[in-house]
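These notes open a run of structures that come right after.
Here come two complexes built around chain A, the first alongside chain B, the second alongside chain C.
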Partner chain A sequence: MLAFLARRLCFAAFLVFAVSSGALVLARLAPGDFATADLGVRAQSAEAGRLRSRYGLDRPLGAQYAEWLSRAARFDFGESMLYGRPVRDLIPERAANTAVLALAALAVATLIGLPLGVITGSGRGGLPAAIIRAGSVALLSAPPLLTSLFLVFLAARTRLLPVGGMGGSTGAAGGALADFVRHLIVPAAALALPLAAMFERLQSQAMSETIAQRFVLAALARGIPWPRVLWRGAFKAALRPVASVYGIVVGTLLSGSFAVEIITSWPGLGRLMLDALRYRDVYLVAGCAAAGAVFLAIGTLMSDVALALVDPRTQE
Partner chain B sequence: MTRHTRNLAAFFLAVLALGAAWAGVRRASNAAATRVGAPSDPGVRPTGVPRGGELVVSIRTEPVTFNRFVKGDSSTDLVSNLLNAKLVRINRATQEVEPWLAERWTRSDDGLRYTLKLREGVVFSDGHPFTADDVLFSFAAAADEAGGSVLAGALHAGGGTPEFTAPDPLTVVMTLSEPFAPGVRILDNVPILPRHRLQPALASATLASVWGLDTPPGDLAGLGPFVLAEYLPGQRLIFTRNPSYFVRDADGAALPYLDRLVVRVIPDQDAELLALEAGDIDMTTSEVRPEDYAPLKRAADAGKITLLDLGVGYDADAMWFNLRPGAFDGDPRASWIQRDELRQAITMAIDRKVFADTVYLGAGVPVYGPITPANRLWYAAEAPQPRYDPAAAKALIESIAGGQPVRFSLLVPKGRTAIERAGAVIRDELKKIGVTVDVVALDGAALVQRVAGPSPRFDAAYFSLYASDTDPAINPDFWLSSGTAHVWNMMQTTPATSWERQIDELFAKQAASSDEGERHRLFADIQKIFAAHQPVLYFVAPRVFVASSSRVAHVEPGLTRPQLLWAPDRVAVSPARAARPER
Partner chain C sequence: MTTRRVGAALVLLAAAAAFAAPALAPHALDQRFVALLNAPPTVPRLVDDRGAWHLPFIHPWRLVNQLEQTYEQDRSTRVRLVWFANRRLVSSSDEARAPLLLLGSDSLGRDVFSRLVYGARTSLGLAAVASLGAILLGGTLGATAGYAGGIVDDLLMRASDFVLVLPAMYVALGLRSALPLVLDAWTVFAFLAAIFAVIGTPYVARGVRAIVRTEARLDYASAAAALGAGHARVLVRHLLPAARGFLVVEATTLVPAFIVAEATLSYVGLGFPDGVSSWGTMLHEASSIRAFTDFPWLLSPAAAMFVVVLGLNLAFQHRPPLSQA
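Moving on, here comes the complex of A and B:
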C-alpha cells in the first residue's frame, strides 16, 4: 500500500509540475500580455513599459520560465500582477472555497444519484423510475451554466434563498455558519444536479446488468427478500462503474465550477483563474492550474481508494 | 451490512464531515482575521434627508488594491472614493467643479498660479490632522511614476506636471508651466493620502506595494466619508461611516447619511440584475445593458425597483482603421484602405436608425464624432453630419477601388454583446454597397495587442473609447498625434498628416486659452476637421439607464460610472424602508 501511495504522490508531483509549466507557457504565448489587458489602447505608454519590466514580461520566455521554475522550487510562485499579492497566498484562500463547493456537490450528487440509480436500474420502478430517467436526461443535457442561471433565477423569484455570494455574515440570522450553508445551496445544487443525473444513469446501467446475473437469481431462489437482494448484494456489486469515475468527476467539478462560480458569485478558484486568464496574469494562471492539478491528483487517489473498497480485486 | 459497504459508507460520511468542518473553520477564521470595531455615530441628525441605514451596491470585478495610486480600474476607484477625499470634486451631474478639501481657490491673472485654501479642522479617520503637507505628499506620490504611480498622466497640464508648494499649513499653490484652461479640474484625479502613514513608502520607492488587499482594515486611514470595516476576498467589502468626515449638508448635519455601505462582488451581470430585482442589492455601479431594459422596466412598473433614464451617454463605441504609414505596404489594398473616401463612404452607408434599433434596441441617438450631444458644453452641432446615402457611398467606393474587391477584417472584443451586434450591423450594411467585412471577435488582451501593440496588425477595429473627462483639454491622449490613445496612428513623433498637425496646433491653443468663448470656437474647428477626415467613425451613442432599489432616496445621477454613487457621502436610503428584508 505504501508503494502504491508513493507512486501516486510522484505522479501527483509530476502532474502539478507539467500542468503549471504548460499553463504558464501557454498564457505567455497567448496574444497580449498583462500590460495590454490592464491598460487597453494605452498599451504602448511608458507605464506599460514599466509594468513589463517589473514582471519580467519584456524578457524571453525561456528566461522568464527558468526564473519562475527556480523560485517555484522554493515554493515561491511569483507575485500576481493583477492583485499585487504572492500567488501562494491567493491560491489557498480561493482553492479552499472551490473545494468546499465541490465536496458539497459531490456528497449531494452521490446521496441522490446512487439510490435513484438503484431504483431505475431495478426494472421494477414503474412510473417513478420513468420520471427519474427523464429528469436525469434533461439534467445531463443542460450545461452547468444553464442550471446555475435557472437556480439563481428561481432563488430570485421565490426569495427563499440568497441569489449569490458566499454569505457568512456574522450579523445574519442563525449565525455565520447557517448563513454560509444557505448561500451554498444554490451553487452546490447547480453542480450537484447534473452530477447526480450522471451517477443515476451509471448506477442504473450497472444495476440492470447486475440483477441479470445468476447470483441475484440464486439469492432470490434461496428466499432472500427482493429489497435486501437489491440494496445489499446487487447495489454493492454495481458500484464499481461509479467508483471508477469518481476521480475524473472531481476534476470535472473543478472545471465545471468555473461557470457556476461566476453565475453564483462564489469566490473560488474558477473565478480567480478566469480573471487571471483575462488579464494574462501568467503567474496566477500557473498557480491556478497547479491547484487544479492537485485537485485532480487528489480525486484520482480518492477514486482508487473507493474502487479498492468496493472491489477487493483491484488491491491485488 | 458487509465490510465493504460499511467502508464505503464511512468514506462518504468522512467526505461530508470534512467539508462541513472545514466550512465552519473557514468562516470563523475569515471573520476573525478582518473584523475591526465600527466607528460610533456622531449623533448629528439632519432634518432634510433621511439618515442611517445600510446601502448594498454591487461591482462586477473585485478591487485589486486599496491604493488608488497604483491601479485605475473602476472597482479600485470606487473603493478609493469611499475611503479618500480630494481637493476638489467634479459634480458628475452638472460637470461643475465643487470644493471638497479645498474650500476656495483663486487664479493669478497670467493663469499660471492657483492658490487653494484648505478647510480647517479636518482630520484623517485615525484622528491625525490634515494639512497642506499631506497635499504635497500626495501630489509627489502621484507624480512618482518610477514608484509605480498610474496617476502621473492625469496630472499633465499643458506643458507638463504642475508644481505644488505650501506657504502655510492651510494653503496650497499649484504652479503651471504654461496656462491650462481646465485649471483645478485636474485635481479631481488625485486622492489625498496620509503623509504620516505613507511617507516612508514614498521615500523608499515602495509606494506601489503598500495598501494591498491584505492590509488590515485598521491600517488604512483616509479623509473620505467611509472607513473599511471588513473585507472578505472575492465576496464583499463593508464600510462604515467615518465619524471624522468633514463635510456637512445644508442643514449643518455631518455626512455621510448612511451608517453602512456594503460593496458586493457579483461578476455576472445577469446575476447582478436578479439580485437587484430580488432586493439583495440596492444598486449596481454601471449602466443597464440594452437587453436588460425590458425586464427591468417590468420590475420598475411592479414597484420593485427604480429605473432611471439619464439620457444620451458621453461615449459611443467607435470604429477605426489602421492609418499607420506603411501598415499596408505590399498589400494590394494599400491603394484604398487608408483613404479618407473609404471612411466617408462607410459613414454614409450605415443606416444609424437600423444601428440604434439593432444594437441598442432603439435606445440610442445618431452621432458623427467623438463628442456626443450629451456633452452640451463642447458638442459642435455645426460639424458636418453625413446623410444616409448608400448609393453615393457605393459610388465613392467604386471610385477608389478601381474594380478591386473591397474587403477588410474588423476586430471586435469577444463577449460584449452590444459590440458584437454592432459588428454584425456594420457587416450587413456594408455588404449592401459591395464591401465585404470579416468580423473577428477576440478577447480583450489579444485585441489590444493587435490594435495597440508595438507593431499594430489590423485592418479595422470596433471598440469602446472612453474619454476621461468631458473637458477635451483633459483628453490630449486621444486628440494629439503624439497621444497614446490616438488609436488610428499612435504616438507619432511628428504629425503624419497636415490635418493632424492642424488639430495639434488648435488643441494646444484651446487648452491654453483662458477665454471660454475662444476655446469653444477652437474646439468646434477641431471637430470639423475631424468630421472631414473621419479617422474614427461613430454611429450611435446609447442612452444610459441605471437601476436602483426603491429604498434609495437621495441620489444625483451622473452619466459616468458609478452613475449613482459618484458622491457616496450624499446618498441616503428611505427611513420607512431602511430595514432590509431578512433573507
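Moving on, here comes the complex of A and C:
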C-alpha cells in the first residue's frame, strides 16, 4: 500500500509541476504580451519597455522560466500584472470559491443521484421511476453550459435568486454567509444536475445487475423485507461503478465549473484564468493552472486510495 | 427502439436544416431590420381575431417603447406568407414592413432563426470535422500502440493517460489563447478543429489500442500474417475493422462535447469572431441579464444545442458521457 501511495504521490507532484510549467511556457509563447494587451497601440512606447523589464518579459524564455521555477519552489509565484498583487494572494480566495462550488455540486449530485438510481434500478418503481429515467436522459444532454444558462434565465425571470454581484451591499438579510449561500444555489445546481443524472444512470444500471444476483433472492427467502434488502445489501454491492467514476469526475467538475462560473458570474478560478489568459498575465496563468492541478492531484489521489481500499487489485 | 428513432430523427433534422440553410432561412445572414431591434417572434397564424380562416399570415410588430424595446402586435393588419419566392422556402409578402421573424430578432435587428440555421452549419460542421480528426488521429495512434507494443505503446499510453486527467475545457482554453486572439473565420475554424481533435484523440486511442491488442492475439491475425500479409495490411485490413463499432459510438460522444466546447469558447470571446454566425457567438451576443429576462428568444441556440445533444444521446444511448466539456 505504501509503495502504491508513493507512486501516486509522485504522479500528483509531476502533474502540478508539468501543468503549471506548461501553462507558463504556453502563455509566454503566445503572440503578444501583457504590455500589448494592456497598452494597445502604445505598446512600442517607453512605458511598455518599463512594464516589460519590471515583470521580466524582456528576458529570454529560458531565463524567465528558470527564475520563476526557483521562486515557485519557495512558494513565490510572481506578481500578477493585471491586478498588481502577488499571485499568491490572489489565488486562495478564488480557488476556495471554486472548491466550494465543486464540492457543493458533488454532494448534491451524490445525494440526489444515488437514491434515485436505486429507485429506478430496483425494477419496482413504476411510473415515478419512468419519469425519473426520462428526466435524467434529458439532463445528460444538458451540459453545465446549458443548465447554467437555463437556471440564470429562470432566476433572472422570477427574481427569486440573485445572479452575480456577490458581496455587494444589496442589504441582504442574514449577513455575508447567507449572501454567499444564496449566490451559490444557481451555480451549484447548474453543475450538479448533469452530474446527478450521470450518477442516477450508473447506479440504476448497477442496481439492476445486482438485484438479478442470487444473494438478493437468498436474502428475500430468509424473510428480510424488500426495502431492507434493497437499501442495505444491494445498494452497497452496487456502489462500485459510481465510486470508480469519482476519479474522472474531478476533471469533469473543473471543466464544467468553467462555463458555470462565467455564466453565473461566480468569482472562481475559471474567471480569473480567463482574464489572465486574455491579458497575457503569464504568472497569473501559471498560478491558476497550478491551483487547478492541485485540485486534480488531490482528486485523483483520493479516488485512487478509495479504489485501492475497495478493490486491492488496483495496487498491481 | 422508438426512442432511438426519435433521436435519429432529431439529429437528421438538425443536419438537414444546416445543409439547407440558404433555402430555409427567410433572410440573409447579415440583413438588419433597424426598426425591429430585439423584436419578439412573429408567430404564423391561420385564424384572425374575428375567427375567420385565412392562408398562413403574420401580424406586424409595432414599437411601443423605444427605450425598453417593447412591441405590440398590429392585429388589424394581416401580412400573407409567400412560399418558394426568391429561392427561399417561406418569407413574408411585405419584407420591409413585416419581416418573418420566426424566433424574433437580436440586438442588431438580425433574424435569429436565419442565424440559427446558418449557425448550425458552423457549429455542427466544426464538431463533425473535429470528431473525424480525433477518430483518424486517435485510431492511428491507438492502432500503432496496440500493434507495436513495447516502448512505443508505453510512451503513447502514458502520454494519453496524462492528457485524459486534465480538464478538457481548460486544455482547449489554454491552446486557443496561445494563438493570436483575433483571426478570420476560416483560420479559427481550422484551429478549433485541430485543437478539439487533439483533445479527443486520447479517448479514441485508448479504446482502439485495447481492441487491436486483443484482436492481434487471435488466430485470424496470425493466419493473415502467415499468408504473407505485411504489418500494414494486417493492421488496416484485418484488425482495425474490429474497432468500427467502438469508433461510431465514440464519435457520437465526441460530437456533443465539441458542440458545447465551441459554444463555451465563443461565449467567452475566444471562439469565432463576432461577424460569424455560430451557436456560440449567438449566445455571446445574448450574454447579459437583460437579454435573459426580456428577450428569451436570444437563448434559442442553447435550445438547439440541447435538441441535437439529446438526439445523439437517444440514438446511441446508455453510455454516460466521458467528458462533459
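We take it that the second predicted complex is superposed on the first by the 284 of 316 C-alpha atoms of A that agree within 3 Å, B and C clash if a C-alpha of one lies under 4 Å from a C-alpha of the other, contacts with A are read in each partner's own complex, and residues count from 1 in each chain.
Rule of thumb we're sticking to: a contact is a pair of C-beta atoms (placed from the backbone, for glycine too) under 8 Å apart; a residue touches a chain by one contact, two chains touch by 3 or more.
Note that the structure is predicted; figures quoted are calculated from it, not measured.
J.: Overlaying the two complexes on chain A, which is it for chain B and chain C: clash or fit?
T.: On the shared chain A, the partners clash.
J.: By residue count, which of the two partners contacts chain A more extensively, chain B or chain C?
T.: After superposition, B is the partner touching more of chain A.
J.: So, A:Met198: does it touch chain B (first), chain C (second), both, or neither?
T.: A:Met198 contacts chain C only, not chain B.
J.: Figure out whether A:Val152 sits in contact with chain B (first) or chain C (second), or with both, or with neither.
T.: Both partners.
J.: Between chain B (first) and chain C (second), which, if any, makes contact with A:Leu309: first, second, both or neither?
T.: It touches chain B, and chain C stays clear.
J.: Where does A:Thr36 make contact in the superposed view: on chain B (first), on chain C (second), on both, or on neither?
T.: A:Thr36 contacts chain B only, not chain C.
J.: With both complexes overlaid on chain A, does A:Pro267 touch chain B (first), chain C (second), both or neither?
T.: A:Pro267: touches chain B, not chain C.
J.: Looking at A:Ala73, would you say it contacts chain B, chain C, both, or neither? Reply first, second, both or neither.
T.: A:Ala73 sits against neither chain B nor chain C.
J.: After superposition on the shared chain, which partner residues are touched by A:Thr110: those of chain B (first), chain C (second), both, or neither?
T.: Only chain B; A:Thr110 stays clear of chain C.
J.: Determine, under the contact definition given at the top, whether A:Tyr83 touches first (chain B), second (chain C), both, or neither.
T.: In the superposed model, A:Tyr83 contacts chain B only, not chain C.
J.: Touching A:Ala3, do we find chain B (first), chain C (second), both, or neither?
T.: After superposition on chain A, A:Ala3 lies in contact with neither partner.
J.: Where does chain B run into chain C after the fit on chain A, at 364-372, 436-444, 490-498 or 526-534?
T.: Stretch flagged for C-alpha clashes with chain C: 436-444.
J.: Across the two complexes, find the residues of chain A that touch chain B and also touch chain C.
T.: The overlap between the chain B and chain C interfaces on chain A comprises residues 30-32, 149, 152-153, 156-157, 163-164, 262-263, 278.
J.: If you look only at chain C, which of its residues touch chain A in the complex?
T.: 162, 164-170, 173-175, 177-181, 256, 260, 263-264, 267-270, 283, 287, 289, 292-293, 296, 299, 302, 305-306, 309-310, 312-314, 317-318, 320-325
J.: What does chain B use to touch chain A in their complex?
T.: Interface residues on chain B, with respect to chain A: 1-2, 4-5, 7-8, 11-12, 15-16, 18-19, 22-24, 26-28, 30-31, 35, 61-62, 64-65, 70, 145-146, 148, 150, 153, 208-209, 212-214, 232-236, 264-268, 270-271, 274-275, 277-280, 442-454, 463, 465, 477, 484-485, 487, 490-491, 581-583.
J.: What residues of chain A sit close enough to touch chain B in their complex?
T.: Within the complex, chain A touches chain B at residues 30-33, 36-37, 39-47, 50, 54, 82-85, 89, 93-94, 96-97, 99-100, 103-104, 106-107, 110-111, 149, 152-153, 155-157, 159, 161-166, 168, 170, 173, 176-177, 180-182, 184, 232, 235-236, 239, 262-265, 267-268, 271-272, 275, 278-280, 305-306, 309-310, 312.
J.: Show me the residue ranges of chain A that touch chain C in the complex, using the header's touch definition.
T.: Listed in rising order, the residues are 15, 18-19, 22-23, 26-27, 29-32, 137-138, 140-146, 149-150, 152-153, 156-157, 163-164, 194, 198, 201-202, 205, 245, 248, 251-252, 254-256, 258-259, 262-263, 273-274, 277-278, 289, 292, 296, 300.
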